[in-house]
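What follows is chain A paired twice: with chain B in the first complex and chain C in the second.
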Partner chain A sequence: MADAFVLGSRPVYTGTHVTRRQDDALLSGRGAYVADLRRDDMAEIAVVRSTVAHGRIAAIRTAEAAAVAGVIAVITAADLTDVSPYPNFASAYTQTPGTFPLAQDKVRYVGSPVAVVLAENRYIAEDAAELVEVDYEELPAVTSLEDALDPDSPRLFEHWPNNRLLDLQPDDSEAAAILAGNRVLRRRYKMGRHTAMPMETRACMAEVRDGRLHLWCTNQHAHIARTTLSYVLPMAERDIRVVIPYVGGGFGLKQHLYPEDVVASWLALRHGRPVRFVEDRAEHMIAAAHARDHMVDIEAAIADDGRILAMRVQVVQDLGSAEIFPGAWCPALTTAAHMTGPYDIGHCAVSVAAVATNKTPGGSYRGFGVPEAVFALERFIDEIAAEVGVDRLDLRRSMLLQSEDLPYKTASGALLDSGSFAESFEKVVELGEAAHRRAAAQHGTDQQSRVGVGYAVLFEGVSPTHHGASAHWAGHESCSIEVLPDGGVRVASGVTDQGQGTTTFVATLAADALGVPIETVEVELADSDSTPYGLGAFGSRQAVIGGGALLLAAGEVRDKVKRIAAHMLEATEDDLVIEAGRVHVAGSPEPAVTMAAIATRAVIRTMDLPPGMAPGLEATARYEPELMEHVPDERGRINASASYANAAHAAVIRVDLGTGEIEILDYILAHDCGRVINPPIVDGQIWGGIAQGVGGALYEDLRFNDLGQPQTAFMDYLMPSALEMPEVVIKHFESPSPNTPLGMKGVGEGGTVGPAAAIGNALAHALAEFNPQIRETPLSPAVVRAMIPDRGAAT
Partner chain B sequence: MKPPPFLYCRPRAVDEALAVLAEHGDEARPLAGGQSLVPMLNHRLARPGVLVDIGAITELQRMERRASDWLIGATVTQRRVERHSLEGCELLSLAVPFIGHRQIRARGTVGGSIAHADPAAELPAVALTVDATMVAAGRDGQRAIGASSFFAGPYMNSLADGEILSHVIFPVLPSTTRCSFKEFARRKGDFAVAGVAAAVDITDRVVSKARLTAFAIGSNPVRLPGAEGAIVGRSLDAADLDTAAEAAAAEIEPWDDIHGSPRYRRQIVAALLQRALQEVAP
Partner chain C sequence: MSAPAARRVEPVAEVPISVTVNARAVEAVVPARQLLADFLRDDLRLTGTHVGCEQGICGACTINLDGEPVRSCIMLAAQVDGSSITTVEGLASEGLSPLQQAFKDNHGLQCGFCTPGFLMTLATVDPDEYPGTDGIREAISGNLCRCTGYGGILQAVRTAWNRVEDG
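Moving on, here comes the complex of A and B:
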């Protein structure tokens, strides 16, 4: 199968540093984001958001706001009579929140959209929004996952039996039997609530032209967004066009089709004027998807040497109000699928619950459930080592999968077909131990601090099915390639670019697959009118699956190029090569025919084509990996991803005993994403991923009080800046997958997945004398300081 | 995050500014560097009807070394102070780099920060430690307000209605005074979770006078008389540092917020004070 996915000739660009296509526009400020789009008659919206976490809406008074000069309309859910709730395709195994763009009857989180003001500009819209009065009958709020699990907690949705949107209890008898006969260790780990915080907030602009709705938006999927709009708006899908202009970071947060996208579209249709929404940062803090907020309970049967014989795990995810589309329970399933790590743990039964609370809806975020699994498991292994009295590195070595174990099917059904689990681990151990020795030599005599090193080793499913999240879409991607008469190439694909370099890899693979100069390749993405239906950006999938579709389409075009060239050169197709846009017999550069001559013949001088050959030089292909499964078996096992990347992390830290501050002295990561297309882009993905992982491990924390009021303003939401980031040493391993195009695996998330675990383990190492309990993130200075007795802090 | 409508004026002289403030009363707010007020406008936390931008008033931009002090005009930027190391004002020079980031200091002003009286701000702590004098300009002329009575609670000062802060007088400290400024913030440039400022006179290898201040722990910066008393006459050996740190932790009444409990703030004030005193020890 993989034979179909080949680059045409000797690759010129693949594996090299091809400059990112958007950098020029972006770095010179010429890239147009949604907020840069303007129309003469454009109006803007401001959203009236719930100020209470849980309550019934008794009354909404809009008259005063509607009377403000410059206000065009003030609407509530009652006005959206022709709008349908977002569908729930997973109703067979989940409860349905019945999410509607504006709150109907009840509000379930602070920030929930209640009314929308449409005005001549955002200033007027905000002035008027202040005048909308909403009366709430407040209800007790459910603000933690522990509360939500309590069967007596107030229900967010009266038609649910409890607050569990998802509650899967697989048969755990096998694991239970092993637990019954062995030493058992139990631990609970929690990962706090944080969010992607892209530099660009959410935004959209809706415009009606010739009876069709055009929506420019920041969503990560042009086609899924279009389809979803057709489900909720009274519009045929053919009458909707979704365009995604430049986007300042998605990271999963922009996977969801948010209420404002629907309301702006509805208002544009109703009022016949372009309508723009640009979310401000204060709204973003409470109305864009939050993430993580997981609890993982592990019970494991332990051998005398510490090896894990079997695990029984309960994963609970706090969904917030769950009013989001697509639903947000899939990270919990992903946590479950990663609980064994890259270790030979034959028995692992994971139950999964996802609960609704009166907080901002959770959603997708880079890592998507894997950081939670890795933090729990890797901390757990260090805790086993301490408990049993074995070396934490040797304990990992005794369980890590070796290359001769591959392919290996994990207890949760993931097919690890390739990888460098042990090799990448040994590399970071070598570098980590050396860095720790340097740190100890430098800081060892400092009584006010301690140094430590911690490790995490992991696999992560990449290029997953979308079915886990949507229960609707599956996993394919698409690509169309057309060669124009002058030999230039137009590539249109369903993949999208949020700034991560998608456009560049598409151009790179297309140029090498067709044997043309990369400058002659034009890439068209993210316009649902001009690209074939694809699923877009999520799950580190685009290079693997989008790349696969591209290679299939390019192969068809390449074959036809050769057939035409063979006819023109009076040669045999099999003897021909395509290089730098010219086709000639291998080994003799002359005579040659150019791509322009071939394409001219294919679409203009079609009478000169070989007899019987159809005109045209183009192809559209779709690719869905065969091994990707969409629905789990009866025991919950599923190979949900087309591929699995792996990584090993090491963090060397210094802990200030006086303040509890953690300084990362060295960060070392060995990463394996199979075949690398663009090394600097891969490094950039890893750097950015580590920064977001460090943010979650140490800094970022979205807190709510007992009333469900958000406590974290943007000022208090501490993303690490360049000044907080350590130097990172990246080591590459390349274990190509036998089952993916070119052996590629995704690289978007591996950096994000490991830092909490590696830093947590480093902290345990640094503070071993105090026997700290490190089972939650973020490890803020206050939390760390509480692990240190005051005497320990004395100079 | 758009401000409600407001009128904006940019007078050229103090008298002119005072006249506008008098005309509009409570409705008017002076605008200096805007690093605090503009975000508050955008969040609609402050809604003045009239903004009186004092940035064009040249007499508020003076920075002069006088016989025994420095006069720093209210709209002198923090960055300008940073770029001139003001001889005899070492504590000020040590503190300014902790204010936000360079871009913020390029706009933020000395007077703006002091008048804003943010509990976590550095300059009020410096002013309190070195007994700076705030000079207010009103329609009846100028009046001097000592640092110990200037700060009147979180984000509150003791300027009267219609007054603006004209300039701040920082005394030049003798060469026997050693200064240290320590703060703990979650990230570089963030507001402090807690901080301490120290100006300690050393004579014959013992402390002859101590001025110690903690900030970002409550409504306003506070002097630490207990810790000061504990080190006067001492040589600042390790035991002295412990005693001073314990005294400081005991005498403050820290508040609670998302970044730290009262107990945690006591712990970091103790740690920071030890480090500050280590630095100034003979």
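Moving on, here comes the complex of A and C:
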């Protein structure tokens, strides 16, 4: 990468465990999340939600609710006369749901917001919400993606020709020709519906001060949220401030600007009082974005030795009602972009459909289409190996990209410029086989259980464009750095922190890039009034893109520091080093000038600056990776990410033949995210990612009945506890990207995308004697038990 | 299909309570239906107690009531009359307790939302009753964390309990 992206002359923090700046506050209960904010005159809202999955709204009666003491207002869509629907910037290739903050005319999922009660507090608001009566004329519900694909299924949106929001059929003639002349294997894989389930639900508080709207909310993007509000309310963007305080986990779910954010803002503007919404968990189960719910059909031409010669794939994503912004079809596109995995598969044509059903809108969730691709492809490879009679590891070896193959452009257009695909795979195989031998020795005589080991090897696009999801924003990030007269540094960036440690990496890189003590760096994030426009948190992008912007800004400041110092020391700039906030000639610590003296000269004693130099010691920079593409070519190929991390997973499991329960005995992951900034934070991302992947693979399941009624309460939504989560062995590989700042690649999702595939393959290995068909998640005990002959009938 | 038949909201009764919170005596008159978590958070402004589910499942709202860990989201404020409560704000008189420090040193938290619940559960646990890492897993199994995968938390507790890693 160009020399623009460098740390200072003596980096001391990058690559070490810098403890996190927020932890003292968070550990002592002083971290203020949105639900902890209050104003003396604050009012609260409760939302009346649809109780039917699909229906016309015949009548809404609010008078009784409005009469309750303490109720300030009860509103429906009819009151929002000055509000615009959420925009759709992708109308060239998608249908438009025309999402409005409150249901107009129709409801399309249980949980859809229909009316809102504003009251003195949430207790009163909830009481009154129960008094709002809504009459529905119920319509038949579409509750599965198979039903939605049926052209005769009831339509959710009358102005669409069918229920397909997105239907892309690229030219597959090349792949078809290869399929026609070879042995073809076909399989269908499905990943169930689950969700991020952050421990903090959604929340917002809107307050009007001096005519401007201030919205504190649990969103992942201060600026995208501000812009979206300006479109929907609609309102001048300069009159809106969005602040994201402490957030209790986002994981993609909080990327969307939800109806309650709009309605709370509207009510605050209309009534002149601060308005707070704090979602309860029961609401969260039906009204916050769900995810996954994909079907992947693979047809592949297979060589005699099992190698995949060409693939034709159909990805279908169940969007739920699709009433969400930004739109939720992008995971299906991301699945398509990852269908070849890190294998040399020269031909892969993927068609993509995203369909609307009468379920909670799907949205973003860590992994974002990649777990679906990895589960399908890695299971498929194990199935090929069994079908053809070759070793599943050797089959992978015969197709895996080797370092000499790089850079490599996948059939989907992803530019893999670096990576350790084969090396990371061999490492987990070595450790996984050893762990399996231990498990077999320990449990081999147990007739009631079986042990098995499974593998998954993958790449994942990280730091992607936003364009795939929004068809509007692209992929840049921003950073402003200012050195104050006392030498302290203020860094403001468009990135945001939902607990990942963003604040700490910003401080770390800034301190090293400027050569100052980290204690002197103040970090300002996630306030749209005080940070430059940026895109915030999604797609494991913040270290790469936010870091890039930071290094560019720091480079400008550092150059000026050196110019001023050279003038003060009567030395040459190139001979100077900056460390610990002091500038001196390399090799001779004295004489030195301090950052304070330099900054004082730059902004106060400007008459002492070198002749012709402008005052000030600050810079704002924006970074958008050159190689990131935003729009696919005519064949659907796109290099949608600035970088690609890779990982290999191994799961060793024990299956109870009586109960069908899977116990994870060992979990091993080799991960490569290029240059590591903070090792414990990277490990924490991986552990947490695996836990969410394990949850989706084994336990978490959002079910609906034929009427579209949600069947999963929080109590039944089985997230892994410490008892289910195994110890994880993590092995790091560092293959710096030549195309990213410092060679960094994102780390947020590599743990999440592999467990379904690795565990699925381990289950196939463990139950090989029964030839089980493992093509869907979650692999719940009931599902597994049904794979076991003579025991499947037991209940 | 229509919403349930309308009914009038009944006036709520109020209950006087006398309770010790973080070693401070508190006298209050609370609505009979007010949740303990809301009393702590809204009335006493002790917002370190977080409400994650309002169903007693996730453990984020765990506090100590007369030395026992309880879910403040499924208890009424009226029930704590005469009791002594400790919240996360009362764990250390200044700075961080050894357990809190171990969480910091071992990256035992990410978003921090569930963290007070873990701390309050662990504050009541006798380590001798929960041997090994499996014991720690058992001790914290009633608290859900969505960020860490528990790795950092287990390491933090092993450190705080001077327990050699046996995982």
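Definition applied: the second predicted complex is superposed on the first by the 789 of 795 C-alpha atoms of A that agree within 3 Å, B and C clash if a C-alpha of one lies under 4 Å from a C-alpha of the other, contacts with A are read in each partner's own complex, and residues count from 1 in each chain.
Everything that follows uses one rule, which is that contacts are C-beta pairs under 8 Å (C-beta built on N, C-alpha and C of every residue); 3 or more make two chains touch, one makes a residue touch a chain.
Note that the structure is predicted; figures quoted are calculated from it, not measured.
Colleague: In the overlay, answer first, second, both or neither for which of chain B and chain C A:R281 touches.
Modeller: Both: A:R281 reaches chain B and chain C.
Colleague: Once chain A of both complexes is superposed, is A:E133 in touch with chain B (first), chain C (second), both, or neither?
Modeller: The answer is second: A:E133 touches chain C but not chain B.
Colleague: Chain B or chain C: which reaches more residues on chain A?
Modeller: Looking at chain A, the partner in contact with more of its residues is C.
Colleague: Per the contact definition in the header, classify A:D790: touching chain B only (first), chain C only (second), both, or neither.
Modeller: In the superposition, A:D790 contacts chain B only.
Colleague: Taking the superposition on A as described, I'd like to know which of chain B and chain C A:Y123 touches: first, second, both or neither.
Modeller: Once the two structures are laid over each other on A, A:Y123 reaches both partners.
Colleague: Just chain B (first), just chain C (second), both, or neither: which does A:G658 touch?
Modeller: Only chain B; A:G658 stays clear of chain C.
Colleague: Report for A:R397: first if it touches chain B alone, second if chain C alone, otherwise both or neither.
Modeller: Neither partner.
Colleague: Does the superposition put A:D716 against chain B (first), chain C (second), both, or neither?
Modeller: A:D716 sits against chain B, while chain C stays out of touch.
Colleague: Now for A:L27: first (chain B), second (chain C), both, or neither, which partner does it touch?
Modeller: second
Colleague: Touch test for A:Y699: chain B only (first), chain C only (second), both, or neither?
Modeller: Only chain B; A:Y699 stays clear of chain C.
Colleague: Please identify the positions on chain A that touch both chain B and chain C, taking each partner from its own complex.
Modeller: In chain A, residues 123, 127, 130, 280-282, 715, 720-721, 723 are touched by chain B and also by chain C.
Colleague: Under the stated contact criterion, what part of chain B meets chain A in this complex?
Modeller: Checking each residue of chain B against chain A gives 1-2, 4-5, 43-44, 184, 186-191, 193, 238, 241-242, 258-261, 264, 267-268, 270-272, 274-275, 278.
Colleague: Show which residues of chain A lie in contact with chain C when the two form their complex.
Modeller: It comes out as residues 17, 19-20, 22-24, 26-33, 35-36, 38, 51-52, 55, 64, 68, 123-124, 127-128, 130-136, 138, 196-201, 246-249, 251, 280-282, 498-501, 680-681, 683-684, 686-692, 714-715, 719-723, 725, 727-728, 751.
Colleague: What part of chain A is in contact with chain B in the complex they form?
Modeller: Chain A residues touching chain B: 122-123, 126-127, 130, 280-282, 448, 656-661, 699, 701, 703, 711-712, 715-716, 718, 720-721, 723-724, 780-782, 785-786, 790, 793-795.
Colleague: Please give the residue numbers of chain C that touch chain A in the complex, ascending.
Modeller: 1-4, 6-7, 9, 31, 33-34, 41-42, 46-55, 57-58, 60, 87-89, 91-92, 96, 100, 103-107, 109-116, 119, 133, 136-138, 140-154, 167
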